[in-house]
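The two complexes that follow have subunit A in common; it is paired with subunit B in the first and with subunit C in the second.
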Partner chain A sequence: MTRPEPPTSPPGRPDLAPASQKGGDRGGQGEERSLAPPPETGAEGMNGPRSFPGLPRRVPRPTGSLAAVARKYAAIVATAVRHRMAYIGDSLGRPVFFALILFVFCRLWQTVFADGRAPVVGFAARESLWYLVMTEAILLSAPRLQGRIDEEVKTGAVATLLNKPCHYVGYHLAFALGEALPVFLLNLAVGVVTARVLIGPLPVAPAAVLALFPAVTLAMTLSVLIGLCLALLAFWVEDAAPFFWVYQKMLFILGGLMIPLDFLPGWLQAVAGWLPFRTILCGPARLLVRFSVADAGSLFLWQAAWIAVFAVVTVALYHAGIRQVESHGG
Partner chain B sequence: MIEVEGLGKDFLVPEKEPGVWGSLRALVAPRHRPVTAVADVTFTVAPGELLAFIGPNGAGKSTTIKMLTGILHPSRGRARVLGFVPWEDRQQLSFHIGSVFGQRSQLWLHLPPLDSFNLLARMYELPDDLYRQRLDRLVAVFELGDLLAVPVRKLSLGQRMRCEIAAALLHDPRVLFLDEPTIGLDVIAKEAVRDLILRANRDAGVTIFLTSHDAGDIEKLCRRVIIIDHGQVLLDADVQSLRRSPHFSIRTVGARLSRPADGFACDGVEILKRKGPGLKLRVDTAATPIDHVLQALQAYARIEDITVRTPSLDQIIAHIYRQKGLPASAPAEPAEEDE
Partner chain C sequence: MPGVAGTGAADPAGGPARRPLPGLGFLLALQRLNLMAGMAYRWSFLSQVVFMMLNNAIFMVFWWVFFQRFPQVQGWGMDDMLLLFALVAAGFGLSVTLFGNALRLSSMIQEGKVDVFLSAPPDPFLHLLMSRMSLSGIGDFLFGVGAFLWLYPADPVRWLAFGVVVVCSGLILTAFWVISQCLAFFLGGSEGISGILAEALVTLSMYPDSLFTGGVKYFVYSVVPVGFVAWLPVSIVRGPGAGPLALLVAATVLWVWLARLVFAAGLRRYESGNLIQARG
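What follows is the complex of A and B.
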């Protein structure tokens, strides 16, 4: 099938000469101009010599292979890291706030455990403060998804992502994780230095350090997914901020932000045990101060399970949200 | 390349009464009013065309683009872009189309354009060597060398738009959807962006689907224009034929004569202004040939200077809008052109 000459193309332009335009056009735009069933859009059909002079053509076409998809999302993470680093100065307020919190809690725990009072379920002042280092480092690193998605939905900017070859939820998950990474490292550094100065070092088993990496990564992933779920409510409500407010308070209490869940009454510990919040804050922080292989294994399983649940919920909400855009306009 | 048949889209727009009671009612029993954004649109776009798709605000331009890029499902009708059904094959189609939304950036504001280009290359799965070659060429053509390391938020609107179009061309799309690409640009930046659009079309053979409120974009870039309103095609015409259409046979004649023009009169001519030897006339050339007017002027006095003006494209479009009962102020006002 010969592709018709583009009407606006000036004649005789050598770089538009249809050497490879001839034949093999299975892209659906032939002389027939039919609305026939979709053709096989093979590489041939998608590639004619249309370039600025000297502009190389795209051959081969995208593969959609697992490796290519992995590279795509890794690139999103890397871009998000750079994006966050570009204005890391804006985040410096958080470490200062963090150091202040640690100072206050250091004094608090030192008072609570003064006069040689016995540790509570294995936590003395030192363990309690180092626990707080980890929970706060995770909490303060969470990107503010609500404002971003809210704005995308309200301004219609969601369209600029929807017509890109990546999944909307996958993009935001990767971008948020990338943004969280440098802030987490900064917070952790500030926390470690401050805690060492205030209360001294904490002996940590090498296995605990190894376990912390996946534990924190999974905790961040779950935190971002829950954040995405709430942010996607912007498709239906004018302001999703109240939902975030409630979530944060739940995270503070049932996630064990300030104190380990071990300090809570038994019935509340049981309730918290069945909720995802503890796997975001308490779980990883507990590994730091009271590591055990069994706890680590259990934590990873719970984190994976909650990630699966919230991934499904997030994707379902996203599709429902897109249908909302479909029926109510962008 | 693009085939659209009876495409339509209806939305349900929420309605809320004012006040607290209205808010409560909307919460408990939300009410929606159906609104037709696009009623029934049919057209085709051939490979290599540079088409202007224009209409007043709310005419359905953006909704049509969103359907053609797969962002929205239509309520009715059919469409194919490059053989793909956009809303069913959005991901696959996205590898072969590009889009630029004049009021929404696809670049990462806090990062230099190069970072955005690198990420887009990964998103579109461009092989590294091909990406490098294409980037080098686009940087040369779009003169982006000095901009690559500057954060996007620090770029002027014109510079940003050059980067946006380069980003949209990076993955070698066959069709480029441009939604008001020159909005807010100054005259120089507009010219630069128009030149790049033209080069993308003529030199790279990219089919371009352009929406704009700027008649200059249409006049300088497009051979064909589709005017829509209320989601219906009002006019699908060649830009030149539009300009020369018998419906737009009005000419404005300005003349400076050798003596006061007080006594000048001519059948079929409306005198718009008369001041000393100066005269401004409105002539419908379909009814009164222009040479008849010239003869009458010469018979009255010696002509020292004369201009004959055709309606600008903007005025033509405004005239079409008025004929259809639309707000005529939709297009911007360009300078008139001498014939």
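What follows is the complex of A and C.
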């Protein structure tokens, strides 16, 4: 059984059906796209096909000044925000589920700490629930790439982005971040209201609020890059969905989704400390509950390092995979 | 085009003519074909089964960590959680493996994909539900059975109880999903609400019942049958007894009957999209 996934695509019953049996993404991706033959000439920065049938073996590179490139990707982010806002109704199921999870864990933490049990490393029922507000808000808002990117790869729709003046990875990263923004704000609002009603407010340092903006942005970026890596494995395997299931569970345990990593046994904390998952969920959530400048600085450094690693891996996977694509028009 | 659902001779009341339930041979053949189709893609099949088992095992790591820190939650310990999860996973796996379309009914109704089942001779209820198999469900089922055998390696009475309650649990899950998905017959686009109800049932069933008190307890034994899917089966396996078992079987019959009733009522409102498609 798998947990529900973030609502990047219209609601249905995510998780339970293999990606290959899903479709109808209103974002326009998926099997409904037609496979256009690659243009032979004219696309800026694009080589013509070397041995037709097949695709150009080199992908276009963004050209122009850094500011122009930034404007281009900012426009993609803005488009994604508008796209998600247009279908915000599709995302309303997540907050309901979010509130349900908070209710269950509120009861769990209240039960655990009901008999006067001392806080564990500074976490009592209130802190534990507010910690969950942040981790769940990030997880439920992270764009769902499963069933989207891997479907593009499997159906060949990946080719439709080859003649665009932007990098495939950059495009999807920008689009996913744009989609995540309104959903995260919605989830956070629901989480804050629900937690306040269920267990009361949490005093938060102003510096923590300021630190959360970059922390969550970097966490989302890393999450998208890891998702892209997994989805791009569809170039080599029939179905990338199982990798997503395991990744999701890694986030549960080693990312500290439901309980802070401080609750884990020492050896498991050490393992988690060397992996990227904690910087996606536990790191930002700890800033909310137990802020310190040193923790924030360390988190930003780890996030930046992991983003660099996964950016390189993602681009390398994409370039290795795209060489295998054969398109015959249609 | 209202009323297309009732193709064929109408009964005197104006509803669709009653058609025979598909025979056991037909249903077994459907399952066999579903399985063969799934196994045609060897990596996909194996990965879905194995990774789902791994996925479930990792989820149990959360509870292991939790109970390392807090050994008891109102009488529930690690073994109780493992038993709960084993039952729910096995029931869930059984349901989505045998009735793979139960969670897709809403979108099928909206997209007019029910038509193809209405034109076939057998009664569409089971035919539709069993025309797809979720391969990952096999992993859920195997995990559930494995976890149960880990807990009770040599206890035939409990094995028998486990078998009965898993079947009941799977049938109630399926029936509840069918009812929630059938909202599409009446409301149109209801994937959102149907999805929330399905998730609520599965999510709540993975936590101890002692967390829920008062009005919530009534809610989870009635509107959303978590109690019958998870907690009553746990109590039956812990200490098999005729009374609770009879209650579970009665609840199963009631939920299945309700699902059939709602589906039939929905079919009377179904409007065909005149979709022409070939079944793969």
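What we mean here is this: the second predicted complex is superposed on the first by the 261 of 330 C-alpha atoms of A that agree within 3 Å, B and C clash if a C-alpha of one lies under 4 Å from a C-alpha of the other, contacts with A are read in each partner's own complex, and residues count from 1 in each chain.
Just so we're on the same page, a residue touches a chain if its C-beta (ideal position, glycine included) is under 8 Å from a C-beta of that chain, and two chains touch if they have at least 3 such contacts.
All values reported here derive from a predicted model rather than from experimental measurement.
Within the superposed three-chain model, A:201 lies out of touch with both subunit B and subunit C [touch as defined at top].
In the overlay built on the shared chain, the residue A:273 is in contact with neither subunit B nor subunit C. Of the two partner chains placed by superposition, only subunit C is touched by A:111; subunit B is not. In the superposition on chain A, A:97 contacts subunit C only, with no contact to subunit B. Using the contact criterion defined above for the overlaid structures, shared-chain residue A:122 touches neither subunit B nor subunit C, since it reaches no partner. Put simply, more of the residues of subunit A are touched by B, taking subunit B and subunit C as the two choices.
In the superposition on chain A, contact is made by A:162 with subunit B only, not with subunit C. In the superposition on chain A, A:297 makes contact with neither subunit B nor subunit C. Contacts of A:265 after superposition: subunit C is touched, whereas subunit B is not reached.
Applying the stated touch rule to the two superposed structures, the overlap between the subunit B and subunit C interfaces on subunit A comprises residues 3-4, 10, 13, 16.
Looking at the complex, you find that subunit C touches subunit A at residues 41, 43-44, 47-48, 50-52, 54-56, 58-59, 61-62, 65-66, 68-70, 73-74, 88-89, 92, 96, 103-104, 106-107, 132, 134-137, 140, 191-196, 198-200, 202-204, 206-207, 210-212. Residues 1-3, 5, 11-14, 32, 35, 37, 44, 46-50, 63, 66, 69-73, 78, 80, 82-85, 89-92, 94-97, 99, 101, 104-106, 108, 110-111, 115-116, 118-119, 122-127, 130, 133-134, 137-138, 141, 151, 171-172, 174, 199-207, 223 of subunit B are the ones that touch subunit A when the two sit in their complex. Those residues of subunit A that touch subunit C in the shared complex are 1-4, 10-14, 16-18, 20-21, 24, 89-90, 92-93, 96-97, 100-101, 104, 107-108, 111-112, 117, 120, 237-239, 241-243, 245-246, 248-250, 252-253, 258-259, 263-265, 268. Across the interface of their complex, subunit B is touched by residues 3-10, 13, 15-16, 26-29, 33-35, 38-39, 41, 45-46, 48-64, 68, 71-72, 74-76, 79, 82-83, 86-87, 155-157, 159-160, 162-166, 325-330 of subunit A.
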